[in-house]
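Two complexes come next, and they have one chain in common, subunit A, joined by subunit B in the first and subunit C in the second.
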Partner chain A sequence: MMITTTTTLTESAEPSAPPPTPTPMQGPARRRRLGHPGEPYAFIAPTAVLMLVLMIVPIVLVIGYSFMDNVITKKNPEFVGIENFVEVLTDGVFATALGNTLFFTIVSVVAHLLLGLGFSMLLNSPLVSRASRAVFRVIYILPWLFTAAVIAVLWRMLLNPNGVVNYLLSSDVEWLSSPSLALGAVTFINIWAGYPFFMISLLAGLQGIPADLYEAATVDGANGWQRFRNVTLPQLRPIIISMTLLDLIWTSQQFALIWMTTGGGPIHVTEMLSTFTYKLAFSRYEFALASTSAVIILLLSMVLAFFYVRHQRARD
Partner chain B sequence: MSKEAHDRRRTLRVLGTSVAAVALFATAGCSASSDSGSGDGDVVLEFAQWWEPELPDGAFRELMDEFEAENPGITVELLSGPYASTKEQLFAGAAAGTMSDVVGLDGAWVSDFANQGAIADLTELMGESDYDDSELASQIQVDGATYMIPVVNFVYPMFTNDDLLAQAGVAAAPTNRTEFTAAANAVAGLGEDTSGWILPLSLEAPNGIQNDVMSWVWATGGSMLDDDGQPDVTNSDVTSAVEYVKGLWDDGAIAPGAFTMKEQDKVEEFTNGRVGMMIDSLAHINLIRESNPDLNFSISALPADDGFDGERGIPYASWGIGVADSSEHKAEAFKLVEFLMSEKTNSKLSSIANAFPGNTESVPDFVAEDELFATAFEIYQNGYPANEFTGLPVAEQLMRLFDEQFQVLLDGGQSVDEMLEKTQEAWLAEF
Partner chain C sequence: MTTTTISRTRQRMTKKVLVILGLLAGAAFAGFPVLWMLAISFKSNTEIFEYPPRLVTESFSFDAYVTILTDPEKVRFFVNSYVVSLSVTAFTLVVAILAAYAFSRFEFRFKRPLNMIIVSVQAVPPITLLIPYFGLMVTLGLYNTYPGLILTYMVFTLPYAIIMMTGYFNTLPRELDEAVRVDGAGSMTALWRILVPISVPGIVSVGVYTFMIAWNEYLFALTLTKTQDMRTVPIGIQLLMGQHSYEWNEMMAMSILGSVPVLILFLFFQRYFIGGLTSGSVKS
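After this line comes the complex of A and B, so read on.
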């Protein structure tokens, strides 16, 4: 593909040159420039092999495991059809985990979007000087720079019954240990950790909106809200859709933060599909059931991935 | 050479180089197989464990150097990592048949590895080596065969913050449940964020069930298993202990945040002087002293049920050792096991680990040098090491299942009997 493109550019770079005279030598000469027909395959071979080894093979293996009675811990696992799927789907904890994951994901993504949009508009405001903008940009992006382990430790300390938050509020709330508050608390932590990604992407989008559009809207008598609704939002729409779909996929798979803050508890109030799957594999050593749960998550993620790819195609 | 042949060779070269590069890249991260013989006929033993990072720098390597000096022709390659990484590495190795020759084991993994055929029958290896096992303090067996030998043991006595207890008018560490309840309530009554007792129940690491809940059962000579080794959590011993802990919870004597609290949080709260009493590993004595040199604390045996005068079970955790069934050097691997379990080496290792020896003849140095350790050693010798989770299938999952039901109980969602019946049912399903 690259060579073909180069050829086209070379041809178009000399529009006034006479077209080459067709001769019997044109075919081999063209082949010489393009190299051997097998050469493109050699170029994509490393990527293809990597994809095969690191993606296709593990996915196929996991799908295969989900139809066996138990793998890895059993020397001769047997095919059991959809038995594992029935067991996982009828497990009450799985239903709880699915509900929690939906709540956690939807609330997180909506909050990421609103906070990201809000902060990006503040940073993009002409009222803010360039120096202040740079300083605030660093401050706002900080949560995104921390790894999940650091975020978990930080918030566990802040939300400890004897921690800073309770000290400031003069309260003794068990933020992460109370069954009625834990899911909200981990969702809040995830919102705090993830909004900068939206903010940076939307800020880049805002900076790319031509000033003419706002000027034209102002001339037409549009007020601030109307300019936001009819100029800013439509211009940001492609970014918002892409980011929302990606964030839905990522957040629904969040594991480290949940595991290191609550471990899926108290009871099962913060159990997510990811922690449910992890426990099946590394606590019960039921690798076939864990594979089944992973396949179900894969299918759910593929629905989101389908919409993402379709949106990207429509953009292209 | 024709043009076509030249092109073909060039393509093959490019393809070959690409595939070789990718294959090299893809396999670079994979660990070496357990076949570890070197070219000159010497045997290289891989030893995967989490012990080295927990010991003073270079101390464990020194022991291995001693072993190598005593056994020319055998070299030990230490594969060290944190506990959790070692666990995952061993499970991956067991599945792939590439487990290291010698492995550090937790009692909770033994049943699964043994049933999987990943670790070797040590009874057989002992027989082949004419090894006298009379000095071993304990052996972890599955179906009558030994699969793990505890190298050193970390016992879990009761720690008391003596200043807090004195402030609350408690003159001596409690010895029975009634005294413990009174002391815990008195300390909790001091206010200022102080609590009588601390109980970590995190579902991420549910070992609080073993160390902080079941310890009450074992301290009174009770059991959570029946005579056949099957779950029996509805018996009177467990019921009484669970009712007792629930009572402390209802009294408000337990530190807040229990449902997501982990062992390290427990130690931190005690070290900061906010908790009157905790059940914890002896291994944390130095950590507590370093973190808060002013903390005035002591250790004592776990309180037993009122009127109990039998031998008390004291919870413990072990650094166990085993040999991979896939090892091609089992005889050499067992020599390393023998070396670590010898009186001299075991004394040294238990001294640097601040743990109690797995060899009954060994005596660690710290027992003579440190009053707290001397007390602990006395408690250890007066009771018996008790940890019924060791050797059970999916031991961690059993703790987690108990923990889940226990949290529902403490949250007021069910009665003690309902909790124990549900736990019994869940445990039976795992056996």
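After this line comes the complex of A and C, so read on.
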């Protein structure tokens, strides 16, 4: 599904035809013949079996379900064509969930990028000693080490109407149950929880930029901002693109955090595609409609995955 | 001359102060919630929403931790999480090392498409697999069992583990293991006696990351287990949250206990962790 024309070409360009002359093989050709030719397949077999049974089969099943009337609850489901897709796509809540997912994802990813970039540059600053940078780095990574359940329960406490956040802001707000604030609040929580992954990658990227690039720029009279724009950013570009795509994929699939903070409420203001799908399946037992929604999410993710894979291959 | 040097030093000082202020602000943003969690876990429940809030109070005690650790039902959550996460880590490592060996050291017909599949399945949304899994696990008799969860988690940990291990093996010279194979030893010997022992740093970082994914997983643990004695820590925390009276100190204590394994792994293996993470996700 992800294979482009070039791969297909290289693939068919090396058929396992026997060599024309049966002379003893030399160099790389001999290397290949070490051991049994089926050997690599044996090494891959456990992975292949697991992926087939628990990845490919379920995907085929869920696509099948999406064209049936209610599966699982019904003994003999019938084929209904694209009826489910029409029903899901015209459902107002689906549209709301799609909009919320877009907002949540885009705001989170942009914030992750900006915080990750800012924090990684602070952590990479030569003005601060190595030891203190190491301490700060551990603190900065902390949010990423907690599971969604912990993050959810922690922020529910912090954002409680009587909680410490309201005390610090001298406000009296129901952050997670107010229809106008809940989406912003869960997005904020997700920003807090997710920036370290971006930051770690960017920090590694920053450490990999050769110092002489900066020296050359300084000799040319570049100031701090110009060095950032003309050296740092272009050098980090591949990492930024990879991480942005990965983060878009993961954030748009976020379920646990939403489920345990707001559950999609109040009145669907924080409903995401994932919570919408989960509710269809496990609260309403509409497994066919849930499958349809799940297939739509799969398609959206595959679009992002396509760009990610293409970008990774271009870098290799 | 001296004036410019002085203004230079002054500029440097200003910059340094700004960087330190920035670092402190970031540390407050990242660390304050965690600090608060720790503080609450040592309070008595009546003081949690006291006004004005205080970080440390007179009632400082380990009561919340004792309550959690003496409740067999909650201890069971931890046992389950350890069993599942350690098994996932062990099996993922073995299976991934085998596959990575093939990808790194052999040329075979479907190498590129297989590699492509492994990279792209990482993007398959868990929620898409959830509905068929429910039926599939019931059919296979794996619903509400350890093997059911373990196999499920491996689907999510394997692709990443294979990509990272392949990358690691690729950095090691082929001559190392091929010399052994030319001498008549099998590939298995070359892999387990030569490659694996020198790949310990890579294996550690894959292992730590795998453990972390398994330990933190929520959606499938929620859906594929049913009885209280099969629930894992994330579900346990959520169940605690769902109880009618909010025991915030116990929830925080449970959260901290539930985060300790990952925190310890991280502190001990920080270097491997960060190195492995970046090489795996960014370079693939």
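Going forward, the second predicted complex is superposed on the first by the 283 of 316 C-alpha atoms of A that agree within 3 Å, B and C clash if a C-alpha of one lies under 4 Å from a C-alpha of the other, contacts with A are read in each partner's own complex, and residues count from 1 in each chain.
Keep in mind that, in the parts below, contacts are C-beta pairs under 8 Å (C-beta built on N, C-alpha and C of every residue); 3 or more make two chains touch, one makes a residue touch a chain.
Every value quoted in this text rests on a predicted model; they were computed, and no experiment measured them.
Visitor: Examine A:E39 and indicate which partner it touches, taking first as subunit B and second as subunit C; both and neither are also allowed.
Guide: Both subunit B and subunit C are touched by A:E39.
Visitor: Touching A:P210 in the superposition: subunit B (first), subunit C (second), both, neither?
Guide: Touch status of A:P210: no partner.
Visitor: Would you check which partner chain A:P234 touches, where first means subunit B only, second means subunit C only, and both and neither mean what they say?
Guide: neither
Visitor: In the overlaid three-chain picture, which partner chain does A:G263 touch, first (subunit B) or second (subunit C), both, or neither?
Guide: Touch partner of A:G263: subunit B, not subunit C.
Visitor: Thinking of the overlay built on chain A, is A:L54 touched by subunit B (first), by subunit C (second), by both, or by neither?
Guide: Both partners.
Visitor: After lining up the shared chain so the two structures overlap, which partner does A:Y308 touch, if you call subunit B first and subunit C second: first, second, both or neither?
Guide: second
Visitor: Could you tell me if A:G99 is touching subunit B, subunit C, both of them or neither one (first, second, both, neither)?
Guide: neither
Visitor: Does subunit C touch more residues of subunit A than subunit B does, or is it the other way round?
Guide: Between subunit B and subunit C, the winner on subunit A residue contacts is C.
Visitor: With the two structures laid over each other on chain A, which partner does A:F282 touch: subunit B (first), subunit C (second), both, or neither?
Guide: Touch status of A:F282: both partners.
Visitor: Let me test your reading of the model: by the given contact rule, A:N160 touches which partner, first (subunit B), second (subunit C), both or neither?
Guide: both
Visitor: Shared contact residues on subunit A for subunit B and subunit C?
Guide: 35, 39, 41, 43, 46, 50, 54, 72, 156, 160, 162, 259-260, 282, 287
Visitor: Can you list the residues on subunit B that touch subunit A in the complex?
Guide: My answer: residues 7-8, 10-11, 14-15, 18-19, 21-23, 25-26, 87-88, 91, 94-95, 112, 115-117, 193, 201-205, 255-261, 265, 269, 274, 394, 396-397, 400, 403-404, 407-408, 411, 413, 430.
Visitor: What does subunit A use to touch subunit B in their complex?
Guide: These residues of subunit A touch subunit B: 35-36, 38-39, 41-43, 45-46, 49-50, 53-54, 72-75, 156, 160-162, 172, 174, 176-179, 182, 259-268, 279, 282-285, 287.
Visitor: Spell out the part of subunit A that touches subunit C in their complex, as residue ranges.
Guide: Spelled out, the residues of subunit A in touch with subunit C are 1-3, 7, 10-11, 16, 31-32, 34-35, 39-41, 43-44, 46-48, 50-51, 54-55, 57-59, 61-62, 65, 72, 118-119, 122-123, 125, 127-128, 132, 136, 138-143, 145-150, 152-158, 160, 162-164, 167, 192, 196-197, 200-201, 203-205, 238-239, 242-243, 246, 249, 253, 255-256, 259-260, 273-274, 277-278, 281-282, 287, 290-291, 294-295, 297-298, 301-302, 304-305, 308-309, 312, 315-316.
Visitor: Of all residues in subunit C, which touch subunit A in the complex?
Guide: Counting only subunit C, the residues touching subunit A are 12, 15-16, 19-20, 22-23, 26-27, 29-31, 33-34, 36-37, 40, 48-49, 51-53, 95-96, 98-99, 101-103, 106-109, 111-114, 116-136, 151-152, 154-155, 158, 162, 174, 178, 181-182, 186-187, 212, 215-216, 218-219, 223, 233-235, 237-238, 240-241, 248, 251-252, 255, 258-259, 262-263, 266-267, 270, 274-275, 277-278, 281-284.
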